[in-house]
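Labels A, B and C are assigned to the chains in the order they are written; within every chain, residues are numbered from 1.
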Amino acid sequence: MKNMMLKDLVVVLLAGGKSERFWPLPHKMHMRFLGRTFLETQIENLKAIGFKSIVVVVNEDSVDELLPLGVQKIIQRGDGQGAAILSAKTEIAAKPVLILNADDVIEPELLKDMIKNIDGRNHLLVGYKVHNYFPGGYLVLNGKKIAKIVEKPGEGNEPSSYVRLVCDYFPNATTLLEYLEKVAQTETDNHYEETLSLMMEDSFDFEMVEYQSTWVPLKYPWQTLDVSNYFLQTIKKSKIAASAQIHKTVSITGPVIIEKNVRVLEFAKLVGPLYIGEGAIIGNHTLIRSSMIGKESVIGFNSDVTRSYLGQNVWLHSNYVGDSILSDGVTMGAGTILANLRLDEGDIATVVKSKRVSTMRNKLGGILGVGARVGVGSYIMPGVKIGAGSVIGAGVILQEDIAENQRCFIKQNLTIDKLPKKIESNRNTFRHKI
Amino acid sequence: MKNMMLKDLVVVLLAGGKSERFWPLPHKMHMRFLGRTFLETQIENLKAIGFKSIVVVVNEDSVDELLPLGVQKIIQRGDGQGAAILSAKTEIAAKPVLILNADDVIEPELLKDMIKNIDGRNHLLVGYKVHNYFPGGYLVLNGKKIAKIVEKPGEGNEPSSYVRLVCDYFPNATTLLEYLEKVAQTETDNHYEETLSLMMEDSFDFEMVEYQSTWVPLKYPWQTLDVSNYFLQTIKKSKIAASAQIHKTVSITGPVIIEKNVRVLEFAKLVGPLYIGEGAIIGNHTLIRSSMIGKESVIGFNSDVTRSYLGQNVWLHSNYVGDSILSDGVTMGAGTILANLRLDEGDIATVVKSKRVSTMRNKLGGILGVGARVGVGSYIMPGVKIGAGSVIGAGVILQEDIAENQRCFIKQNLTIDKLPKKIESNRNTFRHKI
Amino acid sequence: MKNMMLKDLVVVLLAGGKSERFWPLPHKMHMRFLGRTFLETQIENLKAIGFKSIVVVVNEDSVDELLPLGVQKIIQRGDGQGAAILSAKTEIAAKPVLILNADDVIEPELLKDMIKNIDGRNHLLVGYKVHNYFPGGYLVLNGKKIAKIVEKPGEGNEPSSYVRLVCDYFPNATTLLEYLEKVAQTETDNHYEETLSLMMEDSFDFEMVEYQSTWVPLKYPWQTLDVSNYFLQTIKKSKIAASAQIHKTVSITGPVIIEKNVRVLEFAKLVGPLYIGEGAIIGNHTLIRSSMIGKESVIGFNSDVTRSYLGQNVWLHSNYVGDSILSDGVTMGAGTILANLRLDEGDIATVVKSKRVSTMRNKLGGILGVGARVGVGSYIMPGVKIGAGSVIGAGVILQEDIAENQRCFIKQNLTIDKLPKKIESNRNTFRHKI
């Protein structure tokens, strides 16, 4: 592709989804990885590749004032990807356009590959090679040409090994917009997929760009852990701010990013890859492994944080947080545990929009919304979600999701009566065993 | 004041209160700070100033054989401060007298100030300058003269910024005793305050000595923490006994007093100011901050003791003890937590003599009487008090006070049945993640 | 004794008991001490003394393929020690024979003493000197000759201070076999004891070999701790495999055996005597004291293992395991505690074959069968036993034994409703206190 064309190209980043399946976490574009919001990260990656013209289609509720980045923000009108693209009509008309889903983490190499394959006339879609059945849109291929897309054909009926990943190039957006406007009149659910089908039927030339590297979608809340892990893996060597105070007894292995004014106290053990945000305090006798910890968070004495995502200003104290996601401002009392493994070691299921779904993970802890609070000595069972602002009392074994701004307390059956006989302690005789 | 007068002066220390509001702790005079009883401490401070003649008015039940200190002990007859002073009639008659409340911690400077202000004829009371309303006796002033004392005038009606603190000088105790005997015939509740009012009405000359420094009363059990903190703050540099064994891995910051034969084991973290009594054991992987720990206590593995008061022979094991008070011989099973913060972070209330009162603290843990025992994994809610000798079973969430010599157990609703299918472990596949 | 005779001597090791009172642990011969099964250990000890001919009488169910050791295995036919000896008839007929109970741990010195006392014609039994009443068979003595054995005479009626320990020498097994066969026709319960009585009545010459050293029986499951402790005490100096990885911060005191490929992580504290089997992982911030840990076990973060026996492939994570016995494959969730001391510090009782018996120990934790699993934050009360394969859920306070392959869960009484008022955090104001 000629540089001229790259200069003309408009990237449309679809970030306007409602993030409903992402409950109880904040809008996914607001999640922070390595200290930046997911949306910032996606945009910065596009800029780093060299794209000059980026349009972000957002949802009024979702991204508000989050974009002081020199990119253009469009408020999405209507639901779905088709509506999202139409919302950017003015910005893309008559130009070559690249349409990307902001929810997907992909390697920059894919976009560079796309650019190489542009010849000025062809349309490009991406085929992601899968090894097991995946409930997406399969490409029907004719050499490198795409003949058709079959949505969720069912296992055993796959027409190829390639599933479509939303990363679509059109040499002239005007054609796309015309088709979209036509389809928008119909009753179809998926206007954008329908549009692609119609264009293929009308013999537009669609070619597949093959992709086999990382693809991490951020649709369900537990996928935060996959995305977090993806970014942690990009840390190749340690970077510790000069203002960070790390006690000389602290053990650090593996690559870590430790931001400004972080304090790591006595006998802490850090196992990279790790990200610790500005001003966070990692208390003494803690174990922190393969996690992201947001700024100003405090990980109190004797906590164990393993493969987890913690937002900003999270407060822990003698907790086990394994494979868990804690939004900004979550606090937990001493001894509270986010259990992350079923006793039968089976895959963990959870409820999404009233339906029980498998998370396909056998290690998953709790998922807590902004400002959720748990008292001392409570046990949150694997995969349980707690809505923003809710309060869980002491000693609760929580097996079900809790909505926003609820309180949940336990009533114990206690027996109190007179002690039959005063107890004399023999503890001093045990002393020598200490 | 002439030295002669100081020599004649009798200090009357009022220590005969019943300490009822101090439940479930032992009589407050028996509490130990920096290794000495509160009463000893108060008397030693008076001696250090130079007072030669000290009379302690005590309660039969309260202070018994506690006074082998060369001071005179008087058993109080009748209730109230007036009765207390009258009990010392023989010892003080015709002498200048200084009357002090043994419950109050004040700076020696105040007493030195008093001495300076004595001119041989005047009476002196202390005015403690307050910045917010305080439910005490306010001084009505006329220059430095005290015209009157108004008890609890109500917020907004304060006649001055000065509240009376019981630290009263009389040039001749005989006059005081005559007034007290007269008032003692009446129905009034507060004979001593009434006596002062009558003397003012009869134009005796009362002057105020102004005081703005530390005043820590020990009336309610949680005030033990304030008094403890006061004494901890007096530790200016570390003093570690030669016979103390401190493992080389131990981290110590801030000033600490560590008495004879103390052992501090591997990976402990001590944060001063701290006092650790003779023969105590601070176990490995513990965190001890801003606390007093009585002699022969054992702080087992992995305990966190923060801003707390522990008596003698207390046994902990993997506990969190924050802003809490544990009397002699208290023991706690592993995992038991004294919660010290409400989920709404509000001020903590507790019951004193059948009335719910605010402690004015938003951080307060449990208050446990002598020999109270708590099993493993119990959670004592903020401000809850447990009577001496009581036993709390495992897994109890204790929200209410427990009287003396009670037992409190939980009855769980368990379901036991046949496991539908044998479980095979896949744990070995997780090994690499350790 | 002449060497010739030692060469002819057959040792019969009685290992065919059903191990029923040993529930829920595996057959006691399978228990592993210092990395070897109890049976292997016993046989190796006999070989080390110099015995050439060893016959092990086993139970079909119990010892199966466990004996590739050059010793002869006999399957026991019928119940009891008499039947066990008769099962070995062919192997021992006409030979001098030494009959030993495989359940008893004794010092090799006793056997060497026996050998010295053999004169070719006499029979030898062992008298174990006791200082308190013991419910066993007491020897009635006439000088060194044994006149009679009195079973359980009752306290105060003991005919001597010597109790019989099964370690019996016969110069010619044929005589013994003849008596046994005769007695086997009768209704008696204890054929072997009856046989000894008959032989004494018929004036065979029985002499006592006196024994005052270690005798540790392995009859009840909790005695595993005594046997374990016995073998731990034999570790006189540390032996650490070259391939073991021990972090430089680890504290080791007392003698330890650490086998191949063990990993001991940061800030662990090991207090010998200790045995850690091949490939085990001792996690960071752990405390391991006076225990045996089987191979491939993983002791996760912040666990405290004290005076306990752990089989192979046991998984812990932030647990307290004191005076407890965990069979192979046991796993425990974070925060689970095996309580090991009653609140009244009294001796701990437990149920054996439907009868409540005292364990004569005031420190005893849980006893868990093979593959038992406990969820997070459960508390197993002192002396409670859990059958193989059973699963205990989170937050259970277990006070009673659980049979094999059961599941036990708690049902809590939770109240969930709308939070009356949103909670704003003041935690930042607490920051300076960290």
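The rule is simple: a contact is a pair of C-beta atoms (placed from the backbone, for glycine too) under 8 Å apart; a residue touches a chain by one contact, two chains touch by 3 or more.
Note that the structure is a prediction, hence the values are computed from the model and not measured.
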Check: So how do the chains connect up here, line, ring, star, complete, or something else (other)?
Finding: complete
Next item on the list: Using only the C-alpha atoms, find the rotation that maps subunit A onto subunit B and quote its angle between 0 and 180 degrees, to the nearest 5.
Entry: 120
Margin query: How many angstrom lie between the centres of subunit B and subunit C, each centre taken as the mean Cα position?
Written below: 52
Next item on the list: Please list all residues of subunit B that touch 2 or more other chains.
Entry: 249, 267, 285, 302, 335, 343-344, 373, 377, 391, 395, 410, 412-413, 423, 425, 427
Next item on the list: Give every residue of subunit B touching subunit C within the complex, in rising order.
Entry: 247, 249, 265-267, 284-285, 301-302, 307, 317-318, 333-335, 343-345, 362-363, 373, 375-377, 391, 393-395, 410, 412-419, 422-423, 425, 427-428, 431, 434
Next item on the list: Using the touch rule from the top, collect the residues of subunit A that touch subunit C in their complex.
Entry: 249, 251, 267, 269, 281, 283, 285, 287, 296, 298, 300, 302, 304, 313, 315, 320, 329, 331, 335, 337, 339, 341, 343-344, 371, 373, 377, 379, 381, 389-391, 395-397, 402, 405-413, 421, 423, 425-427, 430, 433
